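Encoded as structure tokens, the structure appears first; notes follow it.
A, B, C and D label the chains in the order they appear, each numbered from 1.
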Amino acid sequence: MALSALFLNCTLKKSPETSNTEAFIGVARKMFAELQVATKSLRLADYNIAMGNTSNEGDADQWPEILEQIKQHDMLVIASPIWRGDRSSVAKVVAERLDGIWEETDDKGQYPTYNKVGGVMIDGNEDGAKKAIASILFDLSEQGFSIPVNAFSYYVGKAGPGPAYIEAGGNRHLFTNKMLYNMVYNMTHLAQILQQNPYPADLNELTQKAKKISDTSD
Amino acid sequence: MALSALFLNCTLKKSPETSNTEAFIGVARKMFAELQVATKSLRLADYNIAMGNTSNEGDADQWPEILEQIKQHDMLVIASPIWRGDRSSVAKVVAERLDGIWEETDDKGQYPTYNKVGGVMIDGNEDGAKKAIASILFDLSEQGFSIPVNAFSYYVGKAGPGPAYIEAGGNRHLFTNKMLYNMVYNMTHLAQILQQNPYPADLNELTQKAKKISDTSD
Amino acid sequence: MALSALFLNCTLKKSPETSNTEAFIGVARKMFAELQVATKSLRLADYNIAMGNTSNEGDADQWPEILEQIKQHDMLVIASPIWRGDRSSVAKVVAERLDGIWEETDDKGQYPTYNKVGGVMIDGNEDGAKKAIASILFDLSEQGFSIPVNAFSYYVGKAGPGPAYIEAGGNRHLFTNKMLYNMVYNMTHLAQILQQNPYPADLNELTQKAKKISDTSD
Amino acid sequence: MALSALFLNCTLKKSPETSNTEAFIGVARKMFAELQVATKSLRLADYNIAMGNTSNEGDADQWPEILEQIKQHDMLVIASPIWRGDRSSVAKVVAERLDGIWEETDDKGQYPTYNKVGGVMIDGNEDGAKKAIASILFDLSEQGFSIPVNAFSYYVGKAGPGPAYIEAGGNRHLFTNKMLYNMVYNMTHLAQILQQNPYPADLNELTQKAKKISDTSD
């Protein structure tokens, strides 16, 4: 039962500019490789992704191919740099576009991301990681993903302008690497047991039950 | 394999004042009962809980008995009213005190909440639920809990002062009840499969691996 | 001494699609008109605004003309719809691009937005306004703007999918209109007294003083 | 026209335990002294402050004397340590209790904090400052305070456990001291011009105007 993880690199910078977030992702990919988990990383700034909240915003929109990759992997890691103490605008676009997933439901009312596992990686020269992580975990949980214990890792430096992940040697920062190992190992375990034991919930049936109590409660 | 869920009611009001949050919890408890999950709800404002960030802040502090209850249940639901567009100060105290859990580790370095499942319920007369949920999910994931898909429910009314959950008939609000059923069913499934398949991660070993790459990366 | 206010409409939708945020802005513009304040509204989705964190991201980038408009007005209102319980990605792009302002300083080290006044308007069918406002106020304060008391207004409906501002009759929602009047009147007063009494701070001198205490503190 | 500033130290620790936040406040007080601004700092953990959202929660509640101090000063600085990537629970209690201010209005409908100026100081060993600042600025603006440009300062270190403000030499961190000077100078200027030119808005009248457009808009 081979597992796979997709990283969405939410840097603002297009290739070939150096991406600190990609360097951080590189460390995580090696850790996944230790567990025989196949990985892929997509640098979203290199795609033409429309703003919007559906799964297809027209001809030039490349979100459909990103979404297809999300569907084909068992795990999703949103990896974002910090700008203005928060996730990047690219990461916010991802959150907005993923709302389109709710339109595609199977006969249980579950959408294609159900039973997948999510994680978050944030890097910045300073403050903002935890705010970004919190917002992204909220989105992931509502958009189909389960979140393991220790589902994230981040690197930030001291207050103020300063070296970013690569220059600061973030790949040698023990705390960041510990969190990253925890995230990788726990995501993989959760993906494995969810693949073997998918959520049985029939959401259509639960909606009927909810209607019943909404109508009869006093 | 009987499962159990603990609710921490984070209202600011002591008994016997009416708690909207307790009414909301009541609906969730009935849903858990459908799945044979035993539930208990603790109204924290009725306890003397010291501010601090350890598991025991002195003689008068009743957090130790709250923490003991957390340990004895498989699932934890943080239920908070909204004040100032955010979780209540009581809910923030819970988050701060739970940091003490990191001091108690087993031979794998896992703390007592590892392999438990978390959820969030937020009620208010208006805006603030999603901000509160996001912060709490972040805390839960770092403090040992796993988060299922659709791990939360909330009730809020229109902008401005207005009726709270009970007066507004929140127990008849379909959207809130649908989310709540999803939360209850998915938390229970996740708790079940984690009980059968606990996280194998040896955190001490992962720390060693992290040290190794932190020392040797260039 | 004529004053002027610029609105940046951060809807995700391009013209001619109906924008709830634009309808909300329309109410504010009428209020400003009562005070003889000239207003302009720019719908950013109709511009080609590059992601990035400088004031000019290349030939096709239309941010420079938006920035020019910001400079030419005394007040700035960021008006954003709610998506995912937070400001829109367009509003996040604005925040990121405004960081470029720090590169342009006068002989006191003040940047072109210094002595301008900021406000926030948020609309959505449900929850998320206060989180969005908080993040935007933080950005505005760091990026040169002063914030009056009651510097914002918002419209949100009950939890769950539901009518947005126009369909819900947000323009008749008393709480929203009260906040909006407060915002408009207080922004105008603050802009007026700041125009007459600009911040005297010489930021270069303050940096020297900061260096001195940073070097000599023990 | 003598001005004064009150600091509310929101540390979780009671005296005589060392408070990093108090050390940080000490630096700000010296800067205010350069401008002949009188300062006072209250360490809230040493008071018995009830949770609630009114201005008086019963006999043992010491919030009334804190509130009295707020009224007697021209400026208010909320100074909080970071816990769980957010402001402390003590700082959240302050925000909740300040809602009581709305009950006390003068003949213009303005409450006692109107025309006062607010600022924020956050210290922590790592990440969380900007999230805390954003939430507090939102509260301050709604609760009567005006916010100058550069209305805050913070100190945070690298990701993970590490030295807090005192041990880390935060008082020698140039970026933090620069922000602090800006905050102190700009708060003082804004307080001065607001004292000379208070907000003229008659909030009762604005409510009538809001009612009128709420009734007649179509």
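Remarks
The working rule: contacts are C-beta pairs under 8 Å (C-beta built on N, C-alpha and C of every residue); 3 or more make two chains touch, one makes a residue touch a chain.
Computed from a prediction, not measured in an experiment: that's the story for all the values here.
Shared contacts of chain A and chain C, meaning chains that touch the two of them, come down to B, D. With chains reduced to the mean position of their C-alpha atoms, the one farthest from chain B is C.
Look at the contact of chain C with chain D and you find the same residues on each copy: over half of the numbers used there are shared. Chain B and chain D, compared by their mean Cα positions, are separated by 29 Å. A separation of 22 Å divides the Cα centre of chain A from that of chain B. Averaged Cα coordinates give chain A a centre that lies 35 Å from the centre of chain D.
Multi-chain contact residues of chain A (touching two or more other chains) are listed as 84-86, 130, 134-135, 138, 173-174. Here chain A touches chain C in the complex through residues 12-13, 45, 51-53, 83-86, 88-90, 92-93, 95-96, 99, 135, 138-139, going by the rule given at the top.
Interface residues of chain B, counted against chain A in their complex, comprise 27, 30, 113-115, 130, 133-135, 137-138, 141-142, 144-152, 169, 171-174, 177-178, 180-182, 185-186, 189-190, 192-194, 196-197, 199-201, 203, 206-207, 209-211, 213-215, 217. Residues of chain D that touch chain A in their complex: 84-86, 126-131, 134, 154-161, 173-176.
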